[in-house]
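Two complexes, one shared chain (chain A), two partners (chain B, chain C).
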Partner chain A sequence: MLWVDKHRPKTLDKVIVHEQVAQNLKKFVAEQDCPHLLFYGPPGSGKKTLIMALIKQMFGAGVEKVKMENKTWKIDTGTRTFDLELAMLSSSHHVEMNPSDAGFQDRYVVQEVIKEMAKSRPIDAKGKRAFKVLVLNEVDKLSREAQHSLRRTMEKYSASCRLILCCNSSSKVTEAVRSRCLNVRVNAPTEDQIVQVLEFIGKKENLQLPFGFAARIAAQSNRNLRRAILFFETCKVQQYPFSANQVAPPLDWEQYVSEIATEILSEQSPKRLYSVRQKFYELLVNCIPPESILKKLLTELMKKLDSDLKHEVCHWAAHYEHKMRLGSKAIFHLEAFVAKFMSIYKEFLCAAFG
Partner chain B sequence: MAPLVPSSQPWVEKYRPRQVKDVAHQEEVVRVLTNTLETADLPHMLFYGPPGTGKTTTALAIAYQLYGPELYKSRVLELNASDERGINVVRTKIKDFAAVAVGSARKGGYPCPPYKIIILDEADSMTEDAQNALRRTMETYSKVTRFFFICNYISRIIEPLASRCAKFRFKPLSEDVMSNRILHICNEEGLTLDAQALSTLSAISQGDLRRAITYLQSAARLFGSSISSSDLISVSGAIPEDIVKSLLVACKSGEFDVANKEVSNIIADGYPVSQLLSQFLDVIVNADDIPDEHKARICRKLGEADKCLVDGADEYLQLLDMASETIRALFNIPQGLVF
Partner chain C sequence: MGKRPPLVVLSSSSDDDGGGGRCTASRGPSTRRTRTPATAPPAKQAPSSSRKKPRRGSSGGRGRRRASGIALSGSLKDEFDMLTEDFSECLNDLGVSGSMRQTEELWIDKYKPLSSGELAVHKKKVEDVKNWLEEKLKAPKGTFGGRSLVLTGQAGVGKSATVKAIAAEIGADLCEWTTPVPTLWAELVHANSELEYVSKLEEFENFVNKIRKYSLLSPTSIGSQRKLIIILIDDIPVTSGKASFARLGKCLTGLIQSTQIPTVISLTHHHKNEANDTATWNTEELESLLQGAGAHKIVFNPVTVSSIKKILLRICKQESSGTTEELVHQIATSCGGDIRHAIMSLQYYCLNPRRLDSALAISASLSELKGHATLAPAQDCYGLGSVIHSPCGRDETLTLFHALGKFLHNKRETHGDVNIDLDSFSFKEQLRRNPLKMDVPEMILSQAHGEVRTVADFLHENVVDFIDDDAVDDAWVVMSYLSEADCLLAGSPIASARWTVNESNESENMSQLIAASVAARGVLFGNAHPSPSRWHTIRSPKVWQIERTFRSTKGLILKERFDPSSTSGSRNFSVVVTDFRPFERWISPHNDMTRNNPSRHDVAGGPNSIDMLDAEGNNSEEEEEDEIEEW
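And then the complex of A and B:
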C-alpha cells in the first residue's frame, strides 16, 4: 500500500493539517446530520481525506466495504433513449462518482442517479440516518446545464440524500449551487505543516530523517501534500538511510517540459518549433493535461527572463490558455504560445544585442 | 433522521413573509399591491430586480392571500428555471393550465377571484422562442389566467411580453432593513451576533437578504450560537480584506516575482479567483493614491480576466496576468513591448 493511503487519517480526530475544519465537521457527526457540503481547494490539500473521514465517522466502518461497479442507466429524454455507462464506487451508505466523465451527457447522470438513490432509501433499525451520501467529484467540470439541474434535484431529494461536492475552484461552480451548500475551503498545507506530516510518517515507519530533509521535500512539493508524501516514498525506495543532501527526482513529465523550455530559449526558429511540436505530442499522448504543460512551461521560462519580458510572456500564456479552453485542439494553442514566445524573445535579443 | 426536522428546514423558507405587507423595504410595490389585493383585480405582472429582494416572496404571498391554502394547489402553477421550460412546455403544460376556466367560489374568507395564476420564476432564462409562444397565450386566456413573470434582468424579457405587464422594480435592501430582519431571526433562533458581525454580514451579502440568511444559518450550524465576523467571512467564501490588500501591495512593489509569489499563495490557499477579482475591484476603485487613468486600465483588465474565468480559463494564469497588468498600469509601462 502506498504511504499516501496507508497514513491517510481515518477519523476526524487524527487529522493533522486541517484541525479547525475537522473540529467543525465533528459537529455534524454529533448531530448525525449534515447539510449539503461543497469542499473546494487546490489538489493534494486533503479534501478527499476530510470527506472520507467525515462519512466514516457518521456511518461507521460500513463505508469501507466499497465495491466498484460499472453501471448502465437507461435514459429516456422524451425524444430518444440511450444507454449511459459510468463507473462508481458504492457502499451501503454512500456512492461516489465522477459525473463529468459522462461528457456532455452529465446532466442525465446528475438527474438519474440521485433519483435512483432517493428511491432506495436505507432504513436503520432506530429510524436514524435515513439518508445516503452522494459524493460527486470534480463538480467544477460539470456543464452549466448539469449544474442547473443539480440545484433543483438537491432541493427535491434533500430528504433522502445528502450531496458532498468536491472541486478545485469554486468560481466554476454556479452561485446557485454554491448558495445551497455549506462551503468548506480546504487550503493547501503550508510547508511547515508538510514537514510535520512527513516527520509523523517517518516516525511511524521508523525512519531516520536527516536534518533539513523533510523541509527540502516540502519545498519541492509546491504545497501539495500528496505529492510530498509520494516524493518521500520515492526517496525511501531510492536510498535508505537517507543521505544528507538527497533530493527526490522531479516528475518525468516536468523534466521533459523543462527540457522543452531550454530548447526554446537556446534557439528560436521554425525548425526548433517543429521539434518542439513532437515533444508536445509526446506529452499529450501520455495524458498530461495541456493546462499543466502550459503552466509548467511558463514557470520554466520565467526563471530565465527579464522582468519586462515576464509581463508580456505571462499575458500571452493567459491568452492562449483561455483560447485553449474555448477551442478543442490543445496542440494548436500550445504551439501558438511557443511561436509567440519565440518571436518576442528573438525581438528582445535583437534589440538588446544587435 | 427524519427529513423535515425543524433544524434542517432552511431559514430562508422558515422566515419567508406570508403576507404582502410584510415584505421588507419595497414600499411602493407593497402599496400598489395591497390596493389591488383589496379589489382582487390583477393585471399581468412583471417583477424585476436583483436576487434576494423579495420578488418570489411577493408573488407567492399574493397567490396565497388570494386563494388561501385550500385552493392554492389547483389555482397556481409555479414554474422555475430548473423545470423543463422549452417551447414544448409553453405549448402544452402552460396552455392546458391556462385554458381551464374556474368559478369564483368564495371560501374561508379569501377573495378567490375567478382566475388562475401562473408564476414563471427566473423568466429571463426562458428562450426567446418560448417567450414568443407565450404572447398569444397570454391574451387569449387573459380572462381566466394571470401571469407573473419574475426575473433579474428586464432586458432579457422580450418587449411584447413586457408591454403586456405591469412592471414592478424591486430595489436592493438597505443596511438598516437588512439588520432589522437579521436581528429578528437571531432573536427567534437564539443567536448572539455582535455589531461588527452584523455589519460584516450586510457588507458581504450586498443587499441580498436571502444570501445573508443563508450565511447566517450555515455559520450557526458550523460555529454554534455565538457568531463572530470572521466566522461569517469563512462561511460566505468571501476573502479576508488583508489578503486582497496584500495583493495590491505586492503589485505596488513593481516586482513581478513578488506579485507572482503572492498569486501562487492565494491560489494555494484555495480562494475563489472570481470573488477575488470583484473584491480587488472594490479596493482599486476606492484607492486614493491611484490616478484615474491607471484605475481605468486595471478595471478593463479585471473585466477581461473575469470573462476568461467564466469561459473556464485557468485561475492561476488569469490572476497572474491581472497582477502583471496592474503592475504595468501602476508604473506606466505600455502594453506590448517596444524596442
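And then the complex of A and C:
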C-alpha cells in the first residue's frame, strides 16, 4: 500500500492539515445529517481525505466495505435508448463515481444515478439516517448540461440523498449548483504543514530524517501534499538511510514539459512549432491533461522570461486555457499559445538584441 | 416479362420509323435516309422489341416514354405542390402545357445532330473518328483485332452523338448494347422461378459473346451489298469489387482482340472529384486496359463555349424563343462544356420567361458578391476562366485535397495593391492581402463536401509547412484562427449532435459553416508570407491517431483506477495520470502485478514510448494512403 493511502487520516480527529475544517465537519457527525457539500481546492490538498473521514464517522465502518462495480445504465432519452457503462464504488451508505468519465453523456448519468438512489432509499430500523451519500468527483469537468440537470435533481431528491461534490476549481461549477451546497474550501497546505505531515509519517515508519530533508521535499512538491508524500516514498525506495542532500527525481512528464520550454526558447519558427506539436502529442497520448501541460509550460517559461513579458504571456496562457475549455481539441489551443509565445518572444529578442 | 434478346439491330432509318410521324416537321427533311430501304424490314419485323430497346437511338421511343412520364407526373403533382411555387409553375409548363406537342419533346432529341456538320465537337475530332471508322469499315475481313476505338471524355461532350451522326452519314448500321431492364429483387422474390436474376455484367458478357461468335447476323445474307455495321458500346456495366472488374476487363479485351466489326466503346470520364467511389468505377484503369488490348483512343475535350453558344443560338432561332444573348452566354459558360446540359438548361429557361430574368438577376448579384469578397472589384469573371455558378450551371466539385491545396498554397495576385485602393474603405497596411486567385473560400468548401472537422484537422496538420520559416507571427495568426474554429465546432459537438437529433440542427449547421469559414479564411489570411511553393505532401492529421491512442490508454487507466487498497475511494483521473503513474515507476507496488503490465508505456522519457510512437507513425503513413483513397 502506498504511504499516501496507508497514512491517510481515517477520522476527522486525526486530520493534521485542515484542523479547522475538520472541526466544523464534526458538527455534522453530531447532527447525523448534512447539507449538500461542495469541496473545492487545489489537487493534493486533502479534499477526498476529509470527505472519506466525514462519511466514515457518520456511518461507521460499514462505509469501508466498498465494492466496485461497472454498472450499466439504461438511458432513455425519449428519442432513443442506449446503454451507458460507468464504474462506481458503493457501500450500503454511499456511492462514489466520476460522472465526467462518461464524457458528453454525463448528464444522463447524473440524473439516472440519483433517481435510482432515490428509489432504493435505505430505511433504518429507527427511521433515522434515511439517506445515502453520493460522492461525485471532478464536478468541474461536468458539462454545462450535466450541471444543470444536477441542479434540478439535487432539489427533487434532496430528501433521500446528500450530494458531496468535489472539484478543483469552484469557478467551473455553475452558480446554481454552488448556491445549493455548503461550500468548503480546502486550501493547499503550507510547506510547514507538509513538513509536519512528513515528519509524522517518518516517525510512523521509523525513519531517520536528516535536517532539512522534509523541507526540501515540501518545496519540491509545490504545496501538493499527495505529491510530497509520494516524493518521500520515492526517496525511501531509492536510498535509505537518506543522504543529506538527496532530492527526489522530478516527474517525468514535468521534465518533458520543461524540455519543451527550452526548445521553445531556443528557436522560434514554424518548423520548431511543428516539432513542439509532436512533443505535445506524446504527452497527450499518455493522457496528461492539457490544462496541466499548459500550466506547467507556463511556469517553466516564466522562469526564464524577462519580467516585461510576463504579464502578456500570462494573459495569453489564460486566454488559451479558456479556449481549450470551450473547444474540443486541446492541441489546437496549446499550439496557438506556443505560437503566440514564440511571436512575442521573437519580437522581444529582436528589439533587445537587434 | 420475359427476357428480351440482348441484341438489337437498330438501323439508322428505324429512327424515322419510330419518330418520323411526329418529328419530321421539326427536323430538316433528310433525303438520305429514305435511300436505305433495305434495313427497314428487320426493324418492322420486330417493332415492339426495337421500340422498347433503343435508348438514345429512337426519338419515338423516347417520346413514348415521356408520355407515360407525364401521366405519372400528373398523379404526383399534388405532392409537388408542396414545393416552391416556382417549381410547380415550371412543372406545369413542362407537363400540363405539354399538350402542345411541339414543346413537349426534349430539345436534346429534337435537335440531335444529324450530320457531322451539326456537331458541336471540334471538327478535327469528328474527322478523326470518321476517318477511323471509314478505314476500318473498308478494311478486308478476316483480320482480327485493331478494330476498336475508345472514346473518352466528360459527360455530355457528344461522344455517342458523334458516332451516331457519322454512322448515319456513311450509311452504316449501329448496333448497340442496350441496358436490359433489371430484374428487381422484389420481383425475383415474389415472382415464380421463371425469372432468373441476371446481373448486368452477365448480360453484357452474353452480348459480347454473341457478337463475337455470330459476327453480327452475318450481314451478307441480307443482300449482295455488304452492310456496314458499327458496334457502339455506350453503357458499360458498373462493376464493384476487383473480381467483377476483372471479369469485365476480360470480356472487353476479348472483344477488342477478336472483333471483326468496328467497335466503338464510349467511356464517360467522371470528373475527378466524383471518383469518391474509386473502387467501384475506375475509368482510368479500364481505359488503360482497353488501350493495352489494342484499342485506339480518341479523347473528347469539353465542348468550347463558342460552339455551345452557336448551337444554342441556332436552337433559339428555330424555336423563335426570345432569349437574350446574355442568357445564352450564361448557359454556355456555366455548363462546363456539357452540351447536353446546356441544351437542357436552355429549354428549361425558355419554358417560363419570367425565370430568365430572375436567373440573370441572381447570377449578377452572385458575381457582384464575389467581387467584393475577394477584394477584387469588378473582377472579370469570364476572363479568369472560372465557372460562374449561376442557377443554370452545373455544380463543379472538388476533391477535399484539391480544396486543401488551394487553401494551403494560398495563391494570390501579385499586383493587387492598386486595386485595393479603389475599394471603399482602406485597411491598415498589415491587414492588407492581395486578392485571392481562387473562388470564395466558402464556395470551395461547399464544393469539397468535406466535413468541417476534417477540413480543420487537415489544415491544422499541414499549414505549418506552408508558412515561411521566419514568419512566426503568421503562424500565430493561423493558429489562433484554427483555435477559434475549434471552439465554434465544439459549440456544436458533432458527437452530441448525433444524440440529440431533435434539437436545433440548424443553428449547429450554421456554426459548422462559420467554423469552416473561419478556419479556411484564417489560414488564407494568416499566411501572409507563404513559403516558396514547392512540393508538399499533405499528411493525414495525426490528431486522429493521437486521439485514438488517447482513448485506449485512458480506458486502460480507468480500468485499473479503482485500487481496492486505496483508502480514498476512487482517484481522480487527472491525479492518477499526473501523480500516481509517474511515481509508480520508482515505487514498485508490492500488491499487484497488473501494474507492471507491459502494454503500458511510461510517459515521455522511456524508450518504450518513443518506439511505440514510431511504430504508430509508420502506421499513420499507411493510413494516410488509405484515407486519400477514401476521400
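Everything below uses one rule, namely that the second predicted complex is superposed on the first by the 354 of 354 C-alpha atoms of A that agree within 3 Å, B and C clash if a C-alpha of one lies under 4 Å from a C-alpha of the other, contacts with A are read in each partner's own complex, and residues count from 1 in each chain.
Here is the rule we go by: a contact is a pair of C-beta atoms (placed from the backbone, for glycine too) under 8 Å apart; a residue touches a chain by one contact, two chains touch by 3 or more.
Computed from a prediction, not measured in an experiment: that's the story for all the values here.
**Q** Looking at the overlay on chain A, is there a clash between chain B and chain C, or do the two fit?
**A** fit
**Q** Answer with first, second, both or neither: which of chain B and chain C does A:326 touch in the superposed model?
**A** both
**Q** Quick check for you: in the superposed arrangement, does A:335 touch first (chain B), second (chain C), both or neither?
**A** A:335 contacts chain C only, not chain B.
**Q** A:304 contacts which: chain B (first), chain C (second), both, neither?
**A** neither
**Q** Which partner does A:89 contact after superposing on A: first (chain B), second (chain C), both, neither?
**A** second
**Q** Given the superposition on chain A, which partner contacts more residues in chain A: chain B or chain C?
**A** C
**Q** Between chain B and chain C, whom does A:65 touch in the aligned arrangement: first, second, both, or neither?
**A** neither
**Q** Figure out whether A:317 sits in contact with chain B (first) or chain C (second), or with both, or with neither.
**A** The first partner, chain B, only.
**Q** Using the superposition on chain A described above, determine whether A:284 touches chain B (first), chain C (second), both, or neither.
**A** Only chain C is touched by A:284; chain B is not.
**Q** Just to confirm the value: shortest Cα separation between chain B and chain C in the superposed three-chain model, in whole Å.
**A** Minimum C-alpha separation, chain B to chain C, in the superposed model is 10 Å.
**Q** Following superposition on chain A, which residues of chain A contact chain B and also contact chain C?
**A** The overlap between the chain B and chain C interfaces on chain A comprises residues 326, 347.
**Q** Quick one: which bits of chain A touch chain C in the complex? Just the residue numbers, please.
**A** Contacts found on chain A: 1-2, 4-6, 8, 10, 43-44, 48-49, 52, 66, 68, 77, 79-80, 87, 89, 96-98, 101, 103-105, 135, 137-138, 224, 226-227, 230-231, 233-234, 237-238, 249, 251-253, 255-256, 268-271, 273-274, 277-278, 281-289, 292, 320, 323, 326-329, 331-333, 335-336, 339-340, 342-343, 346-347.
**Q** Mind pulling up the chain C residues that touch chain A in the complex?
**A** For this pair, the touching residues of chain C are 457, 460, 464-465, 467-476, 478-480, 482-487, 489-491, 493, 495-496, 499-502, 542-543, 546, 549-550, 553-554, 557-558, 561-570, 572-575, 577-580, 582-583, 585-589, 591, 601-606, 609, 613.
**Q** Tell me, which parts of chain B touch chain A in their complex?
**A** 1-5, 7-8, 80-83, 210-211, 214, 218, 221-224, 234-237, 255-257, 260, 267-275, 305, 308-309, 311-318, 320-321, 324-325, 327-328, 333, 336-337, 339
**Q** Per the contact definition, I'd like the list of chain A residues that touch chain B in the complex.
**A** 24, 27, 31-33, 35, 40-42, 45, 127-131, 148-149, 151-152, 158-160, 169-172, 178-179, 182-183, 185-188, 222-223, 291, 294-295, 298, 302, 307-312, 314-315, 317-319, 321-322, 325-326, 344, 347-348, 350-351
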